[in-house]
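What follows is chain A paired twice: with chain B in the first complex and chain C in the second.
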Partner chain A sequence: MAETKVVLPGDIIDTSLDSDEEESSVLRLGPGVAQIDEQVSAVAAGVLHSDNEKKQWWVVSNKRRYVPAEGEPVVGVVVARHGEGYRVDIGSAQGALLPLLAFEGATKRNKPNLAVGTVVYARVAVANSVMDPEIECYNSHTGKSEGYGELAGGFMFKCSLGLARRLIDSKAPVLNALGSGIPFEVAVGLNGRVWINTEAPATTVLIANAIKNSEFLDAKQCRQMVKELLEKQ
Partner chain B sequence: MVADKAPQLASEEDRRLSSKLQSMKFMQRSADNAKVAAEKKLERKMIDESHWRATYPDDVVSKERPKLQVVYETSYLKMLPGSSTVGSDSGTGIGGRDSIVAGRRAFQSFNQPVETSNAETGQSVQQSEDDEESESRRTLSARLDNGISSAHNAKPQSSLREKNKQLKRKRN
Partner chain C sequence: MVVEIEPSNIEREFLLEALEKGIRVDGRGIYDYRTLKITCSPTYGLVEVQLGQTRVLARVTCEVTRPFPDRPTEGLVQFNADLSNLAAPGLDSSSGKPSVQEVAVSRMIERVIRQSRAIDTEALCILAGEKVWSVRLDLHFLDHSGNLIDAASIASIAALRHFRRPDVTIDGEEAIIHDVNERNPVPLSIHHTPICVTFGFFGSNGDLMLVDPNLLEEQVQVSSFTITLNSHREICALSKAGGVPLAPSLIQRCTQIALTKVDDINDKIQEALMA
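Up next, the complex of A and B:
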C-alpha cells in the first residue's frame, strides 16, 4: 500500500472503492487524470496520488510547459499595453490579459502605470482552453493585494514546474536555508518562474544557482549545499 | 356554352356528352385540370403514408445513472494531499497539512512594508485553522510571529531576526 505508483499516459486507474459498490459518488480528477470511456486513465506520466478516501486522484509530473489554472500565482512580464490593460507573458500558449483596474485600490482616476518589461506577480483569474488567460494583481475574492503587484528590480529566472511547486511551499528547505544566511526576497510563480531580489549581484547569482541546483536534492542535501555556498562566499 | 363552371368538373359526365363536344378545347382543358388535381391528391396521400415516426422501446434509454461521475480540477493547489496511500512521501500536495502556500517571501527584513499586512492575514488564517491544533501548527504560528529561528528554538533572541513576508492562502 505504501509503494509509489508510476503511471504512463494511457494507464487505466482503478478508482473503485472496496467498501461500497453501490454508491456512485463524484470523483475529483486533478491534473494528469481524465475520464475516457467509462474509465479513469492517466493522461500524464508521473507518480499517481490520491487522497484518503480515494475521491481525488492526480498525477504529479514534471514539465516545463505551463498550462494556466485558475487561482495559481504566476510571475509574468508585461509585453504590451492596450487601452484596457496589459498583455503579460506568463509562459502560456496565449499571452495573459491584465486589466488596468485589477490592482488593489485601483479606480478610474488612480491606475498604476506599468512600463513594458515590468515583472509582475499576479494571480490567474480566468483560465480555460478557449479564452486567453486573464490575471489580476490582487485577490478579487478578498479584495486584498496579498503580495501581488509589480516586482521592482531583482532578477527572474525559469525553472521546471515541479521545482516551482516545491518552492512555493512555506517549508521549502532551500529557501529557508538561504534565508537564514542571506537577506533577500523571492516570488515564486507556478508557471515555472522565480523572481529574486538581493542587495548585490553576487548574492543574486548565488541564490539563483542554489535554487536551480536544489531540484533533485532532498532537504538534508539542500541544507548542506547552501551551507557550502555560504561558506565559500 | 358561356357560363362555364370550370372548377366543377364533369369528368364523369363527359362520357355522356358527344365526342365532338369532348374534343372541344374548353372541355379538354377542364379534363386536364381534373387529371392534374387527381394526381396531386394521390401524390400527397403517398407522401403522408411514407412518413414514419420512430418508436422507441421502453428500455433503450437506460434508467441507471452513469457509473462514473467526474469533476475536473485543473490546479495542483486544490489537490489536498492528505496521506496518500499511493505514494509514501507526504510532500505531494502543495500547502499540505503542516505548511502553507507562500508565494512571496522575504528573509531578514529585506522587504518590510508589506510584512505587517501579511502578518495580519497570517493571523486571521491561523484563527480559522485553530480547530485543528497540533504541534506543527504551534510551531508554525510561532514562526509566523517571530520568524523561523523561534520555531526551530535555536536562538530565541537571535541577532538574525527573520521577518517573513508570506503569502497566506487557505488550503481550500
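Up next, the complex of A and C:
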C-alpha cells in the first residue's frame, strides 16, 4: 500500500484506478465510505485504505460507540429475559436480542438458562438501521457453537473499537507477546469489550493493563512493554 | 432513554475476589490515587483536571451585582455542575432535570467550598449594599471514570486560585472597574483550600477499603466515604450517604490516609499554578 492517507468526513475520495480497465469498474465501498451524488466521499474520520485489484475502499477509524455490523463477534451482558429471548447490552444504541434457540443444541424443551448480568460471546446475526440488532451464540449453518456462548469466570474490560479490531487479528503483537509468557484465555468483541481469564487475579489484571496500554504502541514497543511487565511480576 | 448498565456478574465477582487478595482491577495499590494532571489555560480561572480517565473542566467567571439586603457587605459565590451524557452514555441530561448524581456532586462542592468559608466573601464587596462581585464556578464533566467528587474539588480549588478578577478603585461613591489591560487583575482572597478524598468500601460489612474508586469500583462498592481536608490539616466536611455503617477507628484511619493524599494534591495544584 502507498503512503497513509487520513480522511475526514466529507473528503472526496479519488476512485480513479491506476490500471486502464475502466469499463467494468464496480466499486466496493467499505465502512466509512459512501457514495454521495456522483462522488465517493468519506463519512468517517480515519485512515483510508484501498485495494486497487478488488476496487475496494474503506476507512479504518477509531470510535468508542459501537454500531453493530452483521457477522461481527461481540461480547455482551444479559440485561433482561423475555419470553422468546434475552435482551443483551452490546454497547450499541439499542440492546441486542438473543433468541433462546440461538444456542448450540437448544430446543424448545432444552433451553439455556442465563441469569441477568451474565456475559456472553456472540455473533451479530441481524444488523440494520430499522431493526434492533440480533445476535446468536452458534453458527446457524452448522449448528455448532464455534466458541460462542456464555463466558464464565474471568474478567471483562472495555477498550476502544479500534483497539478491539486490532486485537482480533491473530497476529496482534500484544496478545502474541503475552501468550508466549503466560497462558490465558481471551475473547475479543468488536464492540470494544475484551474478556480474559487466567489462573490468578494478579495475572488477569496484568494482562488487562497490558492490552489497554498497547493502544498507542507499535509491535516492537508492545513486546518491550510485555517483557518489562513479566519481569516485574 | 439510555439506562445506565450495571456491571456484569463476572466483573463484580472478579473485583471482589481480587480485592480480597489486595489487588485492584486497574493494577493500582489499595491506597494509590490515580495519576493526577492539572492543566491551567492562559485564560484566568479555566482549569482542566484529569484524574485517571476522569476529566473535569472548571471555569470561574465574575460579574458585578447587587448584594442581598440582609448581607450588604458580602459578595456572592455560585456553583453550577454540568454532568451530561458527554461524560458517560448512562447519564441523561435531555429531560432538563438535573440527575441525582449531578445534584450530589454540585451540592458536595458547594458544601466544601462555601460552608467551609474557603472564599473570603467580604473581600468581594465593592460598595456596601450597592455593588458586590458575584463569582460563578462552572464544572463541566468531560469524562466519567469514577470519583467525580475528588476530581471536581481539585478542579474547583485550582480554578478559584487561578482566577483573577478586574481591579477596582473607589472614588467616594463611585467605583471604577479597571480593564484587565489597564491594571493587573487581582486574585480572589482564599482562606484555605479544601480537597476531597473519597474511599470505597467493599465486602458484606465494608471491611475492605480502597482510595479513589474508579467507575467499576464505584458501581460495586457497598459504601463510600468522602473526607475533606485543607492544607492546615483541618477537617472541612465529611460525607457518607448511605451504605453500610463504618467503625470510628476506620474513619480515623481514613483521615490519616487522606492527610497524606491532600498534601500531595495541594503540591500538585501549586505546581500547576506556578507553571
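Keep this in mind: the second predicted complex is superposed on the first by the 225 of 233 C-alpha atoms of A that agree within 3 Å, B and C clash if a C-alpha of one lies under 4 Å from a C-alpha of the other, contacts with A are read in each partner's own complex, and residues count from 1 in each chain.
We adopt the following convention: a residue touches a chain if its C-beta (ideal position, glycine included) is under 8 Å from a C-beta of that chain, and two chains touch if they have at least 3 such contacts.
No experiment lies behind these values; they were computed from the predicted model shown.
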First (chain B), second (chain C), both or neither touched by A:228:
neither
Touch check for A:89: first (chain B), second (chain C), both, or neither?
second
Between chain B (first) and chain C (second), which does A:48 come into contact with in this model arrangement: first, second, both, or neither?
first
For A:71, select first, second, both or neither according to whether it touches chain B, chain C, the two together, or no partner.
first
Contacts of A:209 with chain B and chain C, given as first, second, both or neither
second
Which partner, once the models are overlaid, touches more of chain A's residues, chain C or chain B?
B
Touching A:186 in the superposition: chain B (first), chain C (second), both, neither?
first
Please name which positions on chain A make contact with chain B in the complex.
1-5, 24-31, 34-35, 38-40, 47-52, 54, 56, 58, 60, 67, 69-73, 121, 127, 144, 146-147, 165-166, 168-171, 175-176, 178-180, 182-190, 197-198
For the complex, give me every residue of chain A touching chain C.
65, 77, 79, 89, 93, 115, 117-119, 151-157, 195, 201-202, 204-206, 208-209
Chain A-touching residues of chain C, taken from the complex the two chains share:
2, 5-12, 14, 17-18, 21, 23-27, 89
Which stretch or stretches of chain B touch chain A in the complex?
65-89, 91-96, 98-111, 114, 117-118, 121, 148-149, 160, 162, 164-168
